[in-house]
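Multiple structures are listed underneath, in C-alpha cells.
Here come two complexes built around chain A, the first alongside chain B, the second alongside chain C.
This part shows the complex of A and B:
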C-alpha cells in the first residue's frame, strides 16, 4: 500500500519536474532565437507547460477513421507510465532510489527500448501517410541510436563493476565521476539521448516542415497531451541518467555538512546543466537529413561506442589491479 | 532491496495514476459521422495505409530485445556473474528471431 502511495506521489512529482524542464528548455531556445519564450502563464511563464497540458486535455477527442481506438487509448497511458517508471530507478532525491535491485540498468535499457517500439507502433496504427512515414523514420532512428545508447549505458556498469544504478552512484561517492574515466562514453550517451527524445538535429521522425509532425500528426486532445508528457518525461530521464551514470549523481561539496538535502541540490544543478546543453544544441543546430543521421550513427557512433567499451574494460582492469 | 512484487506494484501504481489522469481529460461528443474528417489534420482524402511489411515491426521489437540481451551478456561477462541466465535468454531470443518471420 505504501508503495502504491509512493508511486502516485512520485508520478505527480516527476510530472511537475518534466514541466519545469520543458519551461527551462523553451526559455533557453527562445533566448537563442531572440524571443522571450513562455511569459504569461505564471511567474515568467513558469506555468505555461502545465497550461498547454490542460488545454490539450480539454480539447476535442478525435480518432481518425481506420485507426485502432483501443490501442490509441492504451499506448499513451502505457508510454507515460513507462517513462515515469524508469525514473523511479534513478537516485534523484537520495543515493538510494525507490526501486533498486542487482542489474536494474539492464531493466532500464529494456524498458526505454520498449518506449521506442511503442512510438513506432503509434505511427503505424494511424492510417495517414505522414504518420506512417514518421513511424518508419522513427524506426530507422531507433535502430541507429539504440546501440550507442545501450553501450554507453553499459560503460559505467563495467567501470564500477556493477549493473545496479545505486551501486554505480556509490562508486562515484569518492568525488571522482565516471566521466573522468570515460569522457567519450558521456558524449555518446548525450548524443544518443538527444536522438531518443527527438530533439533537433535528430527530429527526423517529426520534421514539421517535411512530414507535418510525423507519427504525431493524427493525434489530438488528451492523446497528444500524453505523448507530449511522455517526451518531457523522457527528457527528464535522459538528463537524470547522464547525471547518475557519468556526472557523479548528487555528490559534491558541502554534502557532509548540509546532509542529504544537498544531494538533491547537486543532482538538480547537474540536471539543469545537462538540459542546458541539450537546449543549446537544439537552439543552434538545424535538422539533419535522414541519410546524414544514419551515417552519423552507423559510421561514427557505433564504432566509437565499441571503442569506448574496450577502453572501459581496460579501465576496469586497471582499477581492479 | 525490493522484491519482484514491489516492482510490479509500483508499476501498477504508476499505471493507475496515468489511467485516472487520462480519463480525467474531457471527452467531448464526437461529431456526426458525415462531418467527421478522415484525418485530424483536416485533409479530405480517404484514409489509406502505405504498404509496409509487418516483418519490419517484428524486426524493431526483436532488435530492442536482442540489444538488451547483448548488454546483459557483456555485463555478465565483465562482472563475472553466472552466464547461465544470459545464455538461456539469448537462446530464447534466437528462437523468437527464427519463428517470428515465419508466422
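This part shows the complex of A and C:
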C-alpha cells in the first residue's frame, strides 16, 4: 500500500518535472531565437506547460469519422502510463530506483519501443493522408533510431558488467562516469534520443509545414493533451537516461558532506545540461528530409554503434584485467 | 499506382489559400495540379467603378507586402495617361519606398522559407531585422503596411533629413545582416541539405515557362525590369543585376539575399543624391479629366515583374485596369519543379517562388456535382450574368424590401 502511494507521488513528481523540463526547453529555444518565451502563466511563465495541458483537457472531445474510438481512448492513457512507468526504473531522486531488478535495462528498451509502436498505431487508426504519412514516417524513423539506441544503452551495461540501471549507477559511484570510457556511445545515445522525442532536425514525423503535424493531426482535446504529456515524459526519460547511464547519475563533488539531497541536485544539474544540448540543437538546425534522416542513421549511426560495441568489449577487458 | 494528396486551401505550409493536388508514389511526386480561385476579390472590375484617385487606395490592397509596387505601378501608368510631368524628387521618394519594400519583402520571404524547412531560429532573426525597415517605413509614410505614399503625378509626403539619415542607418544595418545570412546559409549543413539541388528549374525552362523576378534570376536569366526597361530613376541608379546559376532553391535564397545588399546600395545612393528642394507632385486634381489613352506600366516588384494595362475613355474613371502579378507568372513553374521530388520538398519549392496567392487569383467555375472545372471568357460571363439576373431579379427585389 505504501509502495502504491509512493508510486503515485513519484508519478506526480515526474509529471511536474516533465513540465519543468518543457518550460526550460521552451525558454532556451526562445532565447536562442531572441524571443521571450512563456511569460504570463506563473512566475516567468513557469506554469505555461501546465496551463497548456489544462486548456487542452478542457477542450471539446472530437473523434474523427472513421477512427476507432475505443483504441483512441485507450492508447493515449496507455502511452502516458507507459512513459511514467518507464521513468520508475531510473534513479532520479535516490540512487535506488523504485523498481529495480537484474536486467531491467532490457525491459526499458522494450517499453520504450512499445511507446514508439503505439505512436505508429495512432497514426494509422486515424483516417486521412497526413496522419498515415506521419505514421509511416515515424515507423521509418523508429526502425532507424532503435538500433543505435539499443546498442548505446547496452554499452554501459557491457562496461559495468551489469544489465541493471541501479548497478550501472553504482558503478559510477567512484566519480568516473561511463562517458569517459565510451564518449562515442553517449553521442549516439543523444542523437537517437533526439530522434525518439521528435525534435529538430529529426522531427520528420510531425513536420508541421510538410504534413501538418503528421500522426498528431487528427488528435484534439484530452487525447492530444495526453500525447503531449507523453512526449514531455519521454523528453524527461531521454535526458534522465543519458544522465543515469553515461554522465555518472547524481554522483559528484560535495556528496559526502551534504548527504543524499545533493545526489538529486547533481542529477538535476546534469539533466538540465542534457536538455540544454537538445534545445541548442533544436535551435540551430533545420529539419532534415526523410531520406536524409535514414541515410544518417543507416550509413553512419548504425556502423558506428557496432564499432562502439566492439570498443566497449575492449574497455571491459581492460577494466577486468 | 499513385496516391492523391490534397494540400490546401488550408495547410500550415501555405500562408494563403491555394489548392494543390499532388500525385505521389511512396514519397515521390509524379504529378501535381494547382487549383487557384479561393480568394478572388474582383478588384479589376471594382476599379472601373472608382475614380482615378480612389483606385490608388484600392490597388495597394491587391497585395499587403508589395503595396507600394502596386500603387506605384498604377500611378506610373496613370501618369502616362494624364501625360503628367512628374517632379524628380517624387521619383526619388517613390524609388526609395520601392527599394525599402524590396528589403522587407525579401527579409520576410527569407524567414518564411526557413520556417518551411524547419529552421525557426533564422525565421525569428529575419523578422526581427525586418522591424528596422518597418519602423523606417512607418516614419516616412505613417503606416507600416499600405503606405499610400504615391499619388498620380508624384508622392503625397515629403521626406526630411531625419528620415534620410535613418534610411542610411537601416541600409547599412540590413546590408551587414544580409552578409551574415549569406554566410549562415552557405555554411549550415542542414540548410544546404534541404535546399541544394531541390526544385531545379533549368535556364531553358525558366525562359520557356515565362518565370519572372528572383525565380528567373536564380536560374541565370537576366530578367529584371529595373535593368531591362528602366523606369523612374533606375536608369541613373548604379546597380548590378543579381543572377545565380544554381537553378535550385538555394540559389533563390542566395539571389534574394544578394539583392538585399544591392537594394541597400541603391538606398544609399538615393539618400546621397536626393534633390534638396522642389515640388513632390504634379498638379493633377480629382476633377482633372484625362485624355482618351492607354498605357502599359511595368515595375519590378519584390516578387518579379508587375504588369499593369490601363485604359482611359476620357472620363473620371478608368475604363479597364488589367493586372498581371508575378505569382501568376511563376506558379506554373512550381508544377514543373516538384516533379520527381519528395513530399518534404514541397514546402521549400512552393515557398521558393515567394507566392502571393490573393494577388494573382482568378475565377474558375467549379461544378461540384460533376467534378468539372471551366473558365469563362468575357462573352460567356456577360451571358451568364444576364441569365442569372433574369432568373433571380424578382427574388433580389424582394430581398431589398
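Criterion: the second predicted complex is superposed on the first by the 321 of 321 C-alpha atoms of A that agree within 3 Å, B and C clash if a C-alpha of one lies under 4 Å from a C-alpha of the other, contacts with A are read in each partner's own complex, and residues count from 1 in each chain.
Operating definition for what follows: a contact is a pair of C-beta atoms (placed from the backbone, for glycine too) under 8 Å apart; a residue touches a chain by one contact, two chains touch by 3 or more.
These numbers were taken from a predicted model, which means no experiment stands behind them.
Once the complexes are laid over each other on chain A, chain B and chain C both fit without any clash. After overlaying the two complexes on the shared chain, residue contacts for A:47 are found with neither chain B nor chain C. With both structures placed on the common chain, the touch criterion links A:71 to neither chain B nor chain C. Once the two complexes are overlaid on the shared chain, A:153 sits against chain B while remaining clear of chain C.
Legend: residue contacts after superposition of the two complexes on their common chain; A:133 is shown touching both chain B and chain C. When the two complexes are superposed, the chain touching more residues of chain A, out of chain B and chain C, is B.
Shared-chain residue A:32: touches chain C; no touch with chain B. Residue contacts after overlaying the shared chain place A:210 against chain C, while chain B stays out of touching range. Of the two partner chains placed around the shared chain by superposition, chain B is the only one that A:81 touches, whereas chain C remains out of contact. Of the two partner chains, chain C is the only one touched by A:289; chain B is not. In the superposed model, A:272 makes contact with neither chain B nor chain C.
Taking the C-alpha centre of chain A as the apex, the lines running to the C-alpha centres of chain B and chain C meet at 100 degrees, rounded to a multiple of 10.
For the pair chain B and chain C, the least inter-chain C-alpha distance in the overlaid model is 8 Å.
Where the contact sets of chain A with chain B and with chain C meet, they give residues 129, 133, 212.
If you check the complex, the residues on chain B that touch chain A are 1-2, 6-7, 9-19, 21-22, 24-28, 30, 36-41, 43, 47-50, 52, 56-57, 60-61, 63-65, 67-68, 70-72, 74-75, 78-79. Taken in their complex, chain A has these residues touching chain B: 3-8, 11-12, 57-62, 64-66, 73, 76-78, 80-81, 84-85, 88, 98-101, 103, 105-106, 109-110, 113-114, 116-117, 120-121, 124, 127-130, 132-133, 136, 139, 142-143, 146-147, 150-151, 153-154, 157-158, 161-163, 212, 217-222, 225-226, 309, 313, 316. Listed in rising order, the residues of chain C touching chain A in the complex are 3, 5-6, 11-13, 27, 114-121, 123-125, 128, 188, 190-191, 193-194, 342-347.
On chain A, the positions that touch chain C within their shared complex are 32-35, 129, 133, 200-201, 203-204, 207-213, 283-292.
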